[in-house]
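Supplied in structure tokens, the structure appears directly below.
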Amino acid sequence: MFEIINVKTSLRIEMVDVTEKIERQISKSGIENGICYITVPHTTAAITINENADPSVKFDIISGLTILAPAGADYTHLEGNSDSHIKTSIIGSTLTLIIDSRKMALGTWQSVYFYEFDGPRNRNLYIKVVKD
Amino acid sequence: MFEIINVKTSLRIEMVDVTEKIERQISKSGIENGICYITVPHTTAAITINENADPSVKFDIISGLTILAPAGADYTHLEGNSDSHIKTSIIGSTLTLIIDSRKMALGTWQSVYFYEFDGPRNRNLYIKVVKD
Amino acid sequence: MFEIINVKTSLRIEMVDVTEKIERQISKSGIENGICYITVPHTTAAITINENADPSVKFDIISGLTILAPAGADYTHLEGNSDSHIKTSIIGSTLTLIIDSRKMALGTWQSVYFYEFDGPRNRNLYIKVVKD
């Protein structure tokens, strides 16, 4: 099963929890054990796993990444969003998740986050769910 | 085959070679060709591949990551381990490895490392091994 | 299908577009829907997806990564390429891509890049293509 799902972002830089959107696809597929493959088809947005408990963690991750690749730095790319491309390479555009007993095999405090680095925009996620 | 294996860490920040632990699971599965999927179910620990030959490489990687996300920086998260969450997002929580002829397809100098960023702790790895 | 393909790099630090090389393997396999697994079997080179439209993006990503892990920093590893190992851990050594309708499911502006961090060298990529 290959699906494209929509993610609407509302800030230039933002972490959006997409765990439920992905769980819905897994549930829809009816697959009990397998793998969920995700690709972000954009070059200024990324995907990874991090903590869902305390919102201040999201704030600190975004601050930390902004220090690593500042928005106003002296870049050559004329669109002015090179910081977004650098952050995308650092975080990564794909994620591969284990499905066990109809759910993603994640830890208690983990959620899957879509990292918007050049929003706000209407974004997509490519999702493929495969049975063992 | 889905298994949870234990990794005991002994420092706050540390790279632990888990190549043999993973090879043992692959060997136990009896799979000749396939894929090994790994998830770190924690939000302050990560997994990736790097050099196993000279221990000074590990030292330099840890120093380098500590400069990128310093432990004492001015974070908002009250647990005081935001640097660990940032490092986790940079390195990544999942790894997907090719199994060829009953072994992980790795280069000569490569090992799989569990990156502890907020230890020492008792940690887990989720491993799924799938036949082609 | 498991194959090793060659990537020749010409600079110390460089992003080489390997999209066509990978597409050729997928095409050769005849697989319509499935997954393409890639591993870089080196500890000073990495792989990820980024923009293929404006060459200045590549220039800015390389500059940005060089600031994060400078080549001349005070490292302990005597080979003098610790910056390359750090960059490799940041970007990552593996990539898992969805194959849909005989092609990689990528966005319009995306290409797969081999990140050389200690070249010029003759490098390899391990590629496995699996049918659903």
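We just call them A, B and C in the order they show up, numbering each chain from 1.
Simple rule for what comes next: contacts are C-beta pairs under 8 Å (C-beta built on N, C-alpha and C of every residue); 3 or more make two chains touch, one makes a residue touch a chain.
Fair warning: this is a prediction, and the values are worked out from it, not measured in the lab.
Asks: Given that chain B and chain C are copies and touch, would you call their interface same or different according to whether over half of its residue numbers are shared?
Replies: different
Asks: Once chain A is fitted to chain C on CA atoms, what angle does the rotation have, in steps of 5 degrees?
Replies: 120
Asks: In whole angstrom, how far does the Cα centroid of chain B sit from the Cα centroid of chain C?
Replies: 20
Asks: Going through chain C residue by residue, note those that touch at least 2 other chains and give them in order.
Replies: If we look for residues of chain C contacting two or more partner chains, we find 68, 90, 92, 96.
Asks: Which part of chain B faces chain C closely enough to touch in the complex?
Replies: My answer: residues 33, 35, 48-51, 54, 56-57, 59-61, 63-65, 68, 90-92, 95-98, 100, 105-110, 132.
Asks: Per the contact definition, I'd like the list of chain A residues that touch chain C in the complex.
Replies: 2, 37, 39-43, 68-69, 73, 75-79, 82-83, 85-86, 88-90, 92-94, 96, 124, 126, 128, 130
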